[in-house]
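Read the structure below first, then the notes.
The first chain written gets the first letter, and so on, giving A, B, C and D; residue counts start at 1 in each chain.
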Amino acid sequence: MTLLLDLALVAWLLALAVHVVVQRGERSAIIAFLAFGLLLGLAWVRLAAPDVALTEIAIGGGGTGILLLRAEAVLRGRGKEEEPMTRAGKLAVAVGCAAISAGLGLAVLSFASPAPTLAPAAAEALGATGLGNPVTAVLLAYRALDTLLEKIVVLLALIGVWSLAPDGVWDGAPEVKPAIVPGPLTYLARILPPFGIVIGVYMFWVGADAPGGTFQAGTVLAAMWLLVMMAGLKPPPDTSRPLLVLALTGGPALFLAIAFLGSIFAEGFLAYPEGLAKPLIVAIEAALTLSVAAALAMLVAGPARKAPAR
Amino acid sequence: MTASLSPGALFGLCGAALVGIGLYAIVTHPGLLRRIVGCNILGAGIFLVFGAVARRGGGAGFEADPVPQALVITGIVVAFSASALAVALLKRLSELNVGERNGTAAPTEQRGRL
Amino acid sequence: MTPAALLLAAALLFPLLLAIGCLSARFRARALSVLVAAPLPALAAAILVPEGRFAFFPQPFRLTLVLDQPGAILLGGAALLWSAAGAFAASSMTRDPAAPRFAVWWLLTLAGCLGLFLVGDVVNFYLLFTLASLAAYGLIIHEQSAAAHRAGVIYVVLALLAEAFLLIALVMLAATHPDANPPIRSVVADLPASPMRDGTVALLILGFALKMGLVPLHVWLPLAHPAAPTPASAVLSGVVVKAGVIGLIRFLPFEAGMPAWGAALIGLGIVTSCYGVVVGITQRRAKTVLAYSTVSQMGLLAVLLGVGLETADPDATNLAAYYAVHHTLVKGALFLGIGILAATGGRRLGLVLLLMAVLALSLGGLPLTSGALAKLATKPMLGYGWLAGAMTLAAAGSTALMVHFLLIVRRDAAGNPAMSPPIGQFAPWLVVLAASLVIPWSLYPAVSGETVASLLQPEALWKVTWPMLLGAVVMLFVDRLPRRLGLIPEGDIVVLAQAGAPLVRGLSNRIGEVDVNLRRWPVAGLGLIALAILLGGALMFRA
Amino acid sequence: MTPFAHATTPGGFLLVLAVILPVCAVLAIFACGPRSAARIAMTTLAAGLAIAIAIAVELIASGAALSYVVGAWRPPLGIALRADGLSGAMLVMTALVVVTVGLFARVQYGLHDGAGGGRAQTTFWLMLLALWSALNAVFVGEDLFNLYVALELLTFAAVPLVCLDGRAETVKAALRYLLFALVGSLLYLLGTGLIYGQYGTLDLLTLSRLSRQEPALSAALALMIVGLLAKAALFPLHLWLPPAHAGAPAPASAVLSALVVKAPVFLILRLVLDVAPPQAAAIAGQLLAVLGAASILFCSVMALRQARLKLMIAYSTVAQIGYLFIVFPLAAGSAELPPWGTIAWTGGALQLVSHALAKAAMFLAAGVIAEAFGHDRIADLGGFGRALPLSAAAFGLAGLSLMGIPPSGGFVAKCLLLTAAVIEGYPWLAATILAGGLLAGGYVFRVIDTALAIPAVPVAPRRPVPRRLELAALALAVAAVLLGLVPLRPFGLLQIGRDGLAMAGLP
């Protein structure tokens, strides 16, 4: 029975993906992609990965969806298309892609059995961190270097986006509000944020022991902030505004500081002192949640469009 | 048959198919925005392969191996950042092109130094 | 370190140090005046250091210097010409604002050229060969005319080609040797047993023939030598081409012999010596005629070396060096003489023309001059068969070419107002001229193993005289041929090569189109996919 | 034999510093605002150079690889950093280039923006430092996924550099670069997933003992290598490189061309030599060598065809990258001689380093030329050597190394590769190396001939260029040449951290 359900899910996913690719209109393709993202979340639940499911729905589906929809609105009618491909070329690419998929499928089916896993090692080490959620332990303890560098990646993407602003206004504010704000949007922007903030804080708080964590919480907070800005209730900040800069750099900075302290008071860089692991990790997560929220929102908002208010 | 079609293998195969579909979109679609969408489909397929690996590796009281899950979370964030940068570049490009077509450079655009 | 080793090192390093000194602007401004001194340590080494001495400089230089007989002969002659030409340049180029730059190129070329005669290890041979080749480019383009740039470009293309041939040949030579930088002697000794023997020798001959200017790789000489300033022409034609000669002397296995390759070299040499004469006779400009004469003479040298290789006769290298030093001094003096003639008029003109005639005819073998000595010394080696006949004909051809040359310079100088050349140019010329007459006499016994007295016998004199007479008579007839002058353009077959230019351009355009296509997004994407499949297949289906 | 598992060695913390210090500087600049950007960057450059040198000294002194286990979580659960001799050489090379480029940029921005703080300048400093961190992370990474993050960091730092000047064509080039690089990283990531599924570890050292000929590994390696090829812009995947590298400002082009494309090549080298099973690596190596040879010949001709100096240099980069790929069959090694004991291995490493120095010097010299004359059309630069003698000299010296003319690092590299080709019996590779050298000679001499020409109307600089600006390029070019004077020294360094034979069997 579950197998049938899974098969249906897979079929639906593939159909949606094909639809996204062959659909002529940009807008409907992107909406189909949004649906695809939500469905993918379901697939992750089926794969017993609720943390990933939340992240996928929040960032992979939601965040990317908003980003693409906003872009489509701007580009509509003037997006320059490159030359299309010939039929024979498309056929060749299709054959090649099919071959890659087939090879990949073969590889997936040929995985070593019994499956190699780090689950026992992760479980064993979990005690030292005091955390209940093994995924959080991987992200912030065992493989914390990845997470640290990935925060820098997000920050760099933001700097890169900002660098696309025209010269005179680059430390000014982006423009988020559409020309005409639909009434329901304003209404939502007044009602939702309090709930959103509570949900975000909750997600962050349980993240240490249950599914949830910085990214998911950060995305929810970012969504609330974006909603407020889009409805025009609060203007987007200047990119050089100290509070924004503090929010953006605070998380990684705290992470780095604790990492360096680890090399003095614990076993090394990015190691936590015995017994203090959980509080330190929660502190880092708190700061990172804010940073992620600010960074994601600003990434969606785009480069500055208005001269800074001085 | 049922053994090989455990949820792990099934979604792994689905991921493999999505990789092909995404790649096809990236290579053949003339629209730049759709190529970015294609990258996201490709990414989704790759993450599903990771998910399949994680599901297979369940044990020690966990239904799935936490390490690949964490990798996927990191990967999703990186992919989102990449999409954001690509979209920003695309918007800027179209803005500059429109500016050129209208005979005026985009506002306060700096004349390029080499 | 012994004094001999020090002197050998100084011969190589002194000009390099002077070149480095040119980094200082103050020194550079006066660099022209040190040119005369730069080759003096080399000259001293050639005279004072006994043969067979060597010096070895360990890590990190790994430089070996050796002085053997051919090396010493060539080094001495070359150093003398460099010094005299340097003095000539110091006098003739004082007003040239670009003279400091010229001096830098000069010093670098000089260091490379002289070092080549001394160096005994493979890597440093290549290094100095490259230095001499590339730095000479600066001498060729010095006048900055369109012709000079064209000559420079063709020269560089061919020089790089020679470098490439040489590099792969040296790598093939040294590849199996346990030392990363083996001595030349030991790799050459291993060569006959090498599995890559024929390929290596072919590449060596190609590379050095290009430098010497053997047909059909000679095209750079008649373009480059006339384009350069006079003192530079003198050393280019006198010394730089000898880099190829010393290369063949050093790298071909004369001890073991290689009959087939020897025969090939002989054939190449004969063709070259005839070709140089025939094309040279159609030329209008004196410097170009001299350049073609160099081509022809290098052909004769190739014949000598070919005979040595064919008969496994190591002494051939000494004789070849002897012949080469004669050519170095005479050709150098002739080029400098063109500069002297241009500045001479009136009463003195006759004297200068007479001296030029002696020099020119020396190339054809004028009795009692170095040319006659060189021909007599090499005669026994050639035997009495068809080869000797061919060489005799070549001597006749040389004479004809030189008569043509003399007619041109006499005509060119005829209208000169009465004036005399500056002493700073005249004296160096006289020194080279005198050296060309004296040095071969002093070396003759050591090289040929015969006494000087044997040279004065009537039989010996006749041996060299009759080909000259033949040549002169031929020239009398040729001179009357209509439309002879200018029949063949300077650089002859390079014109043919230029006819292939549209083809090359077409190919290049085609590559450009392919690139545009490959850089289209879908094509590159398809390439990516295809590569992934190929690579996956390669990795998967091979146990 | 190296130990099976990683353990932190003395001096291992230096590796963390090499990766993290530039990141700290990025945060500091971000927090302190644009005005202090240049100052913070200069301080970091000095410190980073010291760290790189310290790592090299520690490597040579101890004769063993440096390792650091991050957070004391041992692989496979945790992440380790490790620097062997090759990594050490890369770190020092990167530091040299980055510091020189930084000094160049400081002078150049000083000419235009005065106190600084502009968009382009601030972004440049941030990206330069991030790029440095990413490169160091790639060179010392031991974990495949950590390397993925490092590669992404590298891409995200490199792309904005391409379009710093904000013109439509450079934005287009940046977008194209980003998308293609993104596909490349995703394919790499996919391979990482397959490897984890097969072996349950991402640690390179562990993998080098585990890997066997298996379908999952083959597919993974194929995907990872192709993904990296896309990022390294090997022919025929070079579509993005010429416009991107030619459009960026000179200091940015210098780091992009000299360093950024080397990171994926370095990883391919590690994958093929460390992870791939030897027999499989042989065939794949042949394929890579064919591509490398095609790259050398094709893109050298393209470089000859270019009318603009920077485009010419960019195409030359694609051609020179090709040399690094013909190393694979030549360095295949044998039972007695491991790959890193072959001369081809040393030749390849030397080519990597000397090309980086020479190419950075060329781009900086081109930057000076563009700064002085306002354009970089080769045909209209006749006689520029008179106005900018130091830049012409820098270009010429760097060109010598590219052509493989002695004495230079490029010469020693090409000579070693040529020797390997002769010994191993690859005449077509030997011919390619020679032809590539000739074509390089063609495009370098075209510029030198222009520099030495005396045209009827001499070119005059738009504005005077300070000597310090020219010296940066010259210093790098001289370094590339000096590399050729110590050809036998790097052998030893490159063996550090590699088990087995050190100097044995080397000619």
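Everything that follows uses one rule, which is that a residue touches a chain if its C-beta (ideal position, glycine included) is under 8 Å from a C-beta of that chain, and two chains touch if they have at least 3 such contacts.
This one's a predicted model, so the numbers in the text were calculated from it and none came from an experiment.
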| item | value |
| --- | --- |
| Pair of chains whose C-beta contact count is the highest in the structure | A-B |
| Chain centre separation in whole Å, for chain D relative to chain C (CA means) | 41 |
| Distance between chain centroids, defined by C-alpha means - chain A, chain D (Å) | 31 |
| Whole-Å separation of chain centres (CA-atom averages), chain A against chain C | 71 |
| Interchain centroid distance [CA atoms averaged], chain B/chain C, Å | 64 |
| Residues of chain A engaged with two or more neighbouring chains | 82-83, 85, 89, 93, 97, 100, 103-104, 108, 111, 115-118, 122, 142-143, 146, 150, 153, 156-157, 160, 164, 166-167 |
| Contacts with two or more other chains, residues of chain C listed in rising order | 520-522, 525-526, 528-529, 532-533, 536, 540 |
| Chain D, residues touching no fewer than two other chains | 77, 120, 145, 149, 152, 156, 159-160, 163, 166, 171, 183, 190, 194, 196-197, 200, 215, 218-219 |
| Topology of the chain contact graph, where touching chains are joined (line, ring, star, complete, other) | complete |
| Partner chain B, residues of chain A touching it in the complex | 2-3, 6-7, 10, 13-14, 17-18, 20-21, 26, 29-30, 33, 36-37, 40, 43-44, 46-49, 51-52, 55-56, 59-60, 63-64, 67-68, 70-72, 74-75, 78-85, 89-90, 93-94, 97-98, 100-102, 104-105, 108-109, 111, 115-120, 122-124, 134-135, 137-139, 142-143, 146-147, 150, 153-154, 156-158, 160-161, 164, 166-169, 213, 215, 296, 299-300, 302-303 |
| Touching residues (chain side chain C, partner chain B) in the complex | 521-522, 525-526, 528-529 |
| Touching residues (chain side chain C, partner chain A) in the complex | 520-523, 525-526, 529-530, 532-533, 536, 540 |
| Residue ranges of chain D in contact with chain C within the complex | 176, 180, 183, 187, 213, 215, 217-219, 221-223, 225-226, 229-230, 235-239, 242, 276, 279-280, 282-284, 286-287, 291, 298, 301-302, 304-305, 403-407, 415, 418-419, 422-423, 430, 434-435, 437-438, 441-442, 445, 449, 452-454, 485-489, 506-507 |
| Chain D-touching residues of chain B, taken from the complex the two chains share | 19, 23, 26, 32, 35-36, 39, 42-43, 46, 49-50, 52-53, 56-57, 67-68, 71, 74-75, 78, 81-82, 85-86, 89-90, 92-93, 96-97, 100, 109-110, 112-114 |
